[in-house]
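The structure's right below; bear with me while I get my questions together.
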Amino acid sequence: MSGVVQVTGELIATRRAGAYHHLTFVAPGLAEHAKPGQFVALAVGGDTSSNLLRRCFSIHKVSPSGTYGGTVDVVISPVGPGTEWLSGLRAHDEVDIVGPLGRAFPLPKEPVPCVLVGGGYGSAPLFWLAEALRERGCHVELVLGAATESKLFGVVEARRQADGVSVTTDDGSAGTRGWVSDVLPEVITRTGAAVVYGCGPMGMLKSITDVAAAHGAVAQVAVEESMACGVGVCMTCVMPVTGNDGVTRMVRSCVEGPVFRGDRVRWDAFDDGVCRVPADALGAPNVGGH
Amino acid sequence: MAVDMSVDLGGASLPSPMMTASGCAANGRELARFFDIRELGAFVTKSVMADPRSGRGTPRMAETPSGMLNSIGLQGPGISAFIDKDLAWLHQAGARTLVSIAGNTSGEFAVVAARLRESAAFGSVVGVEVNISCPNVANRGLVFACDPLASAKVVALVREQLPRNIPIFAKLTPDVTDIVSIAQAAVKAGADGLTMINTLLGMVIDTDRLRPQVAGVTGGLSGPAVRPVAVRAVWQVKSAMREGRLPTVPIIGVGGVRTGRDALELVAAGASAVQVGTATFNDPSAPVRVGRELENLLQDKGFGCLKDAVGIAHERMA
Amino acid sequence: MAVDMSVDLGGASLPSPMMTASGCAANGRELARFFDIRELGAFVTKSVMADPRSGRGTPRMAETPSGMLNSIGLQGPGISAFIDKDLAWLHQAGARTLVSIAGNTSGEFAVVAARLRESAAFGSVVGVEVNISCPNVANRGLVFACDPLASAKVVALVREQLPRNIPIFAKLTPDVTDIVSIAQAAVKAGADGLTMINTLLGMVIDTDRLRPQVAGVTGGLSGPAVRPVAVRAVWQVKSAMREGRLPTVPIIGVGGVRTGRDALELVAAGASAVQVGTATFNDPSAPVRVGRELENLLQDKGFGCLKDAVGIAHERMA
Amino acid sequence: MSGVVQVTGELIATRRAGAYHHLTFVAPGLAEHAKPGQFVALAVGGDTSSNLLRRCFSIHKVSPSGTYGGTVDVVISPVGPGTEWLSGLRAHDEVDIVGPLGRAFPLPKEPVPCVLVGGGYGSAPLFWLAEALRERGCHVELVLGAATESKLFGVVEARRQADGVSVTTDDGSAGTRGWVSDVLPEVITRTGAAVVYGCGPMGMLKSITDVAAAHGAVAQVAVEESMACGVGVCMTCVMPVTGNDGVTRMVRSCVEGPVFRGDRVRWDAFDDGVCRVPADALGAPNVGGH
């Protein structure tokens, strides 16, 4: 949890990548401590902004030094005022950045085969993770899925950084038509993967967890809950997760996550955009109670 | 020459008027990554109740224009775990702690206060904030601070449990027809000071799904959007004190503070200390940054000490 | 297929739910430069009193985060000049007019209503909005709408003065502990509908001069900042209607509406019509633009008529 | 009051001018109806802005056609969030513009000598006015004053567009040390001016009015009251002005002004940043009343 900095980041490069915007900021002091799976929280809208809350983005990559000093890259899908504002920035614009935040993907101690699954911009943090895993001698395969081709991120990069790449799209515009969970069993079986890493929408993370479990692999998933602060002080980003002691608690995904072991997440509590407190969770409301 | 920023809050002497706001700073460790929490006049903890509480399901928040709506549902570890883990940590970190307590019933407030008094780390507690802006189970969930009698009862019970030298602050909701009458009741019942304001009751509808956005249906509105309501509440209660309609006790101002100028608004309206809540989500070091900005502003205006600025706008009516 | 945007408001049939908000649109001529005011469901006039009023001195406003504070002091020409100049103009312009009336005493409301009924241009009046969110001189300036009895009295007196086919809408303040009880009193006394909300009582301090920013000391807070309070008020009153705690009457939603999505929030919470106030200062054609945006949204969501969306969020609790 | 438009203006030029920023927007349809003394109301802060209210600026000049279509120029003093945001804009940024608003400076029917007095950026609308007056054969002299040299606007332009120019600064950094009212009597006397036009801070407009009256000239002053809407619907911009019927009313300076005959303004009501309602004003509060 240490090593987090708050810096004014200067945007030095912004380019479209399909449906997304890929931004590179100079962010001195941030890159040094960052690890794959962590995220940054960006203030949006500038000095006169009515959007008070920071927006969180997975770190796509960092480079601790270089011409500009340390840089951090993020991949942004414009879906609302904050992400649209960020997507519209031009070189030399400044953004206040807090990071690196949250828990990184845990790396296996042994050089075991791993499958990395990304949905949409959820693939953004995986290339960096792939690199770290291959440095440890892991065989790494990537599975990238999206609704349509323009919403895939990093297919070219994937081919460079992994030992194998599978692509799926819902509409068949690229790769196999269907979901990542359709091709995942084959990839796990073929590679004998011990760990499946996932990043993407909640529904996808749940099925990755199920598929991994069915094949005896551990799932490590990076979740994306709505966050107001990103630094652990607001309690808005909670989700029910079962601890080592078997007790389910509403834990903050910004500090205890965003990466969780898939089998620890109480997927049963999520439904149609809401997450209920499981009745067996610590301090759950009594019937008629709070 | 530096401005003397010290304040005396009903017996608690603090080197700075700046505080975190309850529920907007967790219990210390998280913000300690961004600044030295001893720089604060006091660290205000998340309202703690007798037992552990999971809080509500999610979504728990919605962003609103210049603010946010939250519906956390007072998630917390319960007083025992709070004492063992959080207060102990704050104690060793050298923080001056203003412990915020809450209850479903007035009795629960008393239980929490009693447990607190007995705790080993009680030495780091500079005061107790009594969050009466929470639902009273006995009265169909009506917020205690909406009713003078219920407010008075809670305050009196808490006052009994705590040593005289520990000031207690009643935290009021602005969602009332007459905030002065609630302030009167609280002070009469033994509150050594008042904290104003808690969030406003608000609601956001998810226009994609056409249903309430937060799982709790309604929620608390906070942030710069509500600052004018906070300034007004502090002003009204301070006016009443000046007119002798209630005894003069220190006011802790909270609501929408993001900059030193915002803090100065509350101070000039009558607040002796200032809490920074939602702005912390935007800038994790806001509580201390605002303090520095406030000090600079006071210096520029030629004030030698903060105390001279408290309530000054009442003397300068246009 | 176009969405049927027509509404029936306690007898008044309007082709559109969109209205200006009282005091945010003057009396017609000014906005007619930007759009055809017949496009509105109704044009809501600035609250008019019996006699001409200068209003307060200046400054009369402060900008606030995503909103503003105003302290106009009900400046206006008085009912006679209003009828001769403003209502006559609105009449010839073909506007459907919802006339907002105010008074220092309940009797003054009645006088204004009586004069209105007698006026030549009364034919263009589709309803009367009774601004009970203004100070009651007889009760130390306490706002009528802070007290159920005072609210009921005003409504009953106005109701007597006007023909049955002219619906009257009581406009409520959110600055009360229990808005449902005020709504109940107003409806019981004869209000055919409710308008919610008027501004919140707020205050801004001029941090350069360290004195109240507006000449009236406190003022009314409006704009997107307060929208969650408006949505909550509409939701609470609509819930009470659904639970049978008060008769079902149409609600006109107002408070912080700037876009079609904002209007949809109020509609989904229970409003049959929507007024646009402060946003007009940002965009003079906001009242009609919002209407177009709302229609498009409803169309995208597959609604055939606006009425089907009114209060829909109550059916879709998460 | 007709001919007002609401348009998206593209910024095509922005440059510093001393302490000010001089901005040129393409604003089709606006230039055609504008007259000297009118103003525009600009939305500030972009899509995510927390500043809801428009900011008003005198029209410095317009050009009804040209390479870009009609353009409008304004001169901005950065003093708060809105003016700072405008000052920071770059070419091709867009701003929503409403205008032309308010009543223009009335032009004399005869070719009489005129003196135009500008305080700080208050000189911005005067060059255009000078042009219009000279087209009618008026002898035109300008008096420009400011606290210090950097706060003078348009001294060079003044020399081109007027028959005479006097400059004053409070600190003597340019022209005569002192106030415009120190040199004004001489200029009026020398030119035999029939009309004195003024634009600048309230205190200055009052003294222009006094000096003009003392020399038998008519003062026409453009006031600057705090405005929330600029289009006549909010009633925040009022000030006490005496009408032809001798009755003082709180009139809206955005629609009945910003230009008023100086001797009609109830200067006695202004004090230390506030303006009281004169007791004899129409509908003034009774003692103990509203």
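Think of it as A, B, C and D in the order they're written, each chain with its own count starting at 1.
Simple rule for what comes next: a contact is a pair of C-beta atoms (placed from the backbone, for glycine too) under 8 Å apart; a residue touches a chain by one contact, two chains touch by 3 or more.
Owing to the predicted nature of the structure, the values given are computational and were not obtained by experimental measurement.
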- With respect to inter-chain C-beta contacts, which pair, C-D or A-C, contains the greater number? C-D
- If you average the CA atoms of chain C and of chain D, how many Å lie between those two points? 35
- When the C-alpha atoms of chain B and chain D are each averaged to a single point, how far apart are the two points in Å? 46
- Query: Quick one: chain B and chain C, Cα centre-to-centre, how many Å?
  - Reply: 34
- Item | Interface hub residues of chain C, defined as touching at least two other chains | 65-67, 209, 215, 223-224, 318
- Message: At least two partner chains per residue is the criterion; list those residues in chain D.
- Response: 50-51, 273-274
- Among line, ring, star, complete and other, which best matches the way these chains touch? complete
- Message: Quick check on the complex: what are the chain A residues that touch chain B?
- Response: 1-2, 4, 6, 43, 50-54, 96, 98, 225-226, 228-229, 231-239, 249-250, 255, 269, 273-277, 281-285, 290
- Item | Touching residues (chain side chain A, partner chain D) in the complex | 44-51, 81-82, 84-85
- Spell out the part of chain B that touches chain A in their complex, as residue ranges. 23-26, 29-31, 33-34, 46, 51-61, 63, 65-68, 70, 72-76, 78, 104, 135, 137, 209, 215, 223-224, 278-285
- Note on the structure: The residues of chain B that touch chain D in their complex are 65-66, 224, 318
- Note on the structure: Given the complex, residues on chain C that touch chain B span 62, 64-67, 69, 146, 175-178, 200-205, 207, 209-212, 215, 217-219, 221, 223-229, 231-232, 235, 256, 261, 264-265, 268-269, 297, 301, 309, 312-313, 316-318
